[in-house]
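One structure is given below, represented as structure tokens, and several questions about it will come after.
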Amino acid sequence: MNGRNGNGNGHPRSHISLRNLNVYYGRHHVLKNISLDIPDRTTTAIIGPSGCGKTTLLKSLNRLLDIEDDVRVEGEILVDGEDIYGPRAEVTHIRRKMGLLSQKPQVLPMSVYDNIAYGPRIHGLRGRRKLDLLVERHLKMAGLWDEVKGRLHQPASELSVGQQQRLCLARGLAVGPEIILGDEPTSALDPQSSQTVERVLNELKRDYTVVVVTHILRQARRIADYIVFLYLGELIEHGPAAEVFANPKHPRTKAYLTGEIS
Amino acid sequence: MTRGQKDGRLLRRKWTEAFFLVLMAASTIIVVLSLLLIVGTIVWKGLPALNLSMVTQTPKGGYYLGKEGGILNAILGSLYLGLGATALALVFSLPVALYLNLYARKSSRTASLTRFALDVLWGIPSIVYGAFGFLVMMLIGLRASLLAGIITVALLELPIMTRTMDEVVRLVPRELREASFSLGATRLETAFKVVTRQCLPGFLTAVLIAFGRGIGDAASVLFTAGFTDRLPLGLLQPAATLPLAIFFQLGTPFPEVQQRAYASAAVLTILILVLSILARVLVKRATRHVIK
Amino acid sequence: MRLVKDWLGRRVMQAFSFIPGFLVLLIVVGLFWKSRAILAVKPVGRLLFSSAWQPLKGEFGLWPFLMGTLWVTAVALVIALPISLLTAVYLSEYAPRTIREFARPLIDLLAGVPSVVFGVWGMLAVVPFVGRVLAPLFGTTSSGYSILAGGIVLAVMIFPTIIHVSLEVFASVPRALREASLSLGATRWETVRRVVLRKGGQGILAAGLLGLSRAFGETMAVLMVVGNVPVVPRSLFAPGYPLPALIANNYGEMMSIPLYDSALMLAALVLLLVVLSFAVVGRWILVRVERRAQ
């Protein structure tokens, strides 16, 4: 279902560009004039103090802001060159391109198997064998197969929190996204599960673009190739991780990295 | 799947959603419309029947089938009954609501059993309260009267009032109670001086809701309060009530009498609407002032 | 002195707290006590399942009334459940804030309308509608005073009950769960069907049970439109005679005919037990759902 890799002759790489993005909750100006390019097939970490709009930025990427009351979005977000807020944009397609990993694992109220199969079934995949193969492949991708292969048809809520989060990852991968979004994906997990999730995310960036919101600076250092620093809704600094961590250009960035502001 | 198949499927999914959206909007309209229809019907029939003489006179000429006069007997009867029943229920509801939250421990069996009993009482149909009230009347030798009606309706109102008050007191943050205790106040003093004051709007709402329920109910007073053309004279005399006035007078073949029924319906409906709106306004004010 | 008052206050309030439980027992026991007279003379089975209702001859078969109640309640549920659920889903998942804030108070107001007022509306609007519009449409004649009329009025009465509980159930489903489903490319409707309704399934059942128990016990409105003929209803357009209506209509005669009052008390007892079982189960489910959400 990953239809992106078939074309070898210069097909434009999946690439997210934000142009003058402004988001308002009612009269509250949450994101102020954000313009940035998120590089392809790398892990980008969005960092910054809490309440600064990191999650809003993430949710604007897959148009989850649409379901909130009183939200206004201005500007453009281009994915593969097309504005996802444009008049001809098809929301379900856009969302499908991006898998979302929430902070608290959100397993659907069904069995492990049905959780993974949920997305593909909705998009029309039929046939027991095809689904079985799909479920197995994606559980293996998330490093979960060995642990759950004996209880595929039991309720997903019976898994441990760490297993649930990996299940959500597998579930998101099963619809064939190109981009993976993570909203503090390990902050609710124990250290061991966090490690596993980080490892999987690192493996995934070979084929997917990964964008992760995190408030754990050490995590950003571990996994990020590219850093975006938000403060109070403004884009303060962004660039390759090595540069930003070694030589932050903006004083605020420096202050945040050294722990003066949090 | 081919691209064509994919698009076709997407179209089908969108059309399914649109179909159900239409059904949902239609359902919502039906529900909202029914309220408007009901109030509209009552107003249409009742408003023309309402005039000064209707509201200030009692029926004349015959055992509530008289062709002249008004519905003052029912209006006053309902008011006395409602006030009496609500006051009686309040005497028992307030202490119970306070006890459940301030004295009993969270896990206490008395508290959960009492709450369960209140839920049970809340579900009992009003006709059963009426039948029970009738039983009690027979037992203690009370005739159909204002007092019997008050007792029965108080029973009806008790679970409603207690439950609402319970929910209101539950919202009081425990820090507030602790602050009061740490100043040396006893639990009783805390209860009455601090908590009650904090919950006053909520309590008022509970009283209004229960009152509205009490005066609107016919089945509970059917057996117990009797009916009469005259103004309520004493606790031991039968009393007219608006719901019964509607019920009895609508069933007669005389249009003048039916007019009185419509007028009663209009008065009752307007009264209940005003009470409901007042209760809502109070709830809004209560949540504004609540210390969080 | 203050401590004495505190102690006294505590004892009094504690005593009062026993009252609700005591009342429940009192009511059940009281009704049962009064029913003993007729239960001594006739076996329970005969009373519940016989269709012969001739009080003057000492026949007190309650079957027509049980059937009447069942029919009216069934019609009410068939009408009210879909409409209420669709409305609740709309208000919870789709409606813009302005519509939601407009509709909710109106639905709560509907809940406060007294039973007799529903009855008046029923007599003025629903009965003629059934008799003059619906019956000819279906090829039968009817005075309009029918099970169908009773069911329609009852349905409108239980809209607020089912809607209110359903809305609470939907609100308890975490928003992030919906977001998870939408992120996989599901439409909002698919999310509702496959995730929200599934998660809230038990709560919806409870809503239905609470609506059912409310419908069962409803007296005045139904009484005014249902016809009150003590036979098992033959069709939706025929009149019926639900149990609460039986009790309400005959309190006048009950003292003059032997065993009549006992029979009516038995009817009240049966009504009480049925209504309570539904309501208690419904509430118990809701408590469990609430506890799990925390």
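For clarity, chains are labelled A, B and C in written order, and residue numbers in each chain start from 1.
We adopt the following convention: a contact is a pair of C-beta atoms (placed from the backbone, for glycine too) under 8 Å apart; a residue touches a chain by one contact, two chains touch by 3 or more.
The model shown is predicted, which means the values in this text are computed figures rather than measured ones.
*Asks:* Farthest from chain A in C-alpha centre terms, which chain would that be?
*Replies:* When every chain centre is compared against chain A, the largest gap points to B.
*Asks:* Tally the contacting C-beta pairs at the A-C interface and at the B-C interface, and name the larger one.
*Replies:* If we tally the C-beta pairs in contact for A-C and B-C, the bigger total goes to B-C.
*Asks:* Report, in whole Å, the distance between the mean C-alpha point of chain A and the mean C-alpha point of chain B.
*Replies:* Roughly 51 Å separates the two chain centres.
*Asks:* Rounded to a whole Å, what is the gap between the Cα centroids of chain A and chain C?
*Replies:* One centre to the other, that is 48 Å.
*Asks:* With chain centres defined as C-alpha means, what is the inter-centre distance between chain B and chain C in Å?
*Replies:* Comparing mean C-alpha positions, chain C is 16 Å from chain B.
*Asks:* Can you list the chain B residues in contact with two or more other chains?
*Replies:* If we look for residues of chain B contacting two or more partner chains, we find 13.
*Asks:* Two or more other chains touching the same residue: where does that happen in chain C?
*Replies:* 187-188, 190
*Asks:* Give me the residues of chain A that touch two or more other chains.
*Replies:* Within chain A, the residues that touch at least two other chains are 92-93, 122-123.
*Asks:* Under the stated contact criterion, what part of chain B meets chain A in this complex?
*Replies:* Those in contact with chain A are residues 1, 5-6, 9-10, 13.
*Asks:* Which of the residues in chain C come into contact with chain B in the complex?
*Replies:* Its residues touching chain B are 2-3, 5-6, 9-10, 12-14, 16-21, 23-24, 26-27, 30-31, 34, 82-84, 86-87, 89-91, 94-95, 99, 103, 105-110, 112-121, 123-125, 156, 159, 163, 187-190, 213, 216-220, 224, 244, 247-248, 251, 264-265, 268, 271-272, 275-276, 279-280, 283.
*Asks:* Tell me, which parts of chain A touch chain C in their complex?
*Replies:* 62, 64, 67, 69-70, 92-93, 95-96, 98-100, 102, 104, 106, 108-110, 118-119, 122-123, 168, 171-172, 175
*Asks:* In their complex, what parts of chain A are in touch with chain B?
*Replies:* 90, 92-93, 122-124
*Asks:* Once bound in the complex, which stretches of chain C touch chain A?
*Replies:* Answer in residue numbers: 96-97, 174, 176-188, 190, 194-195, 198-199.
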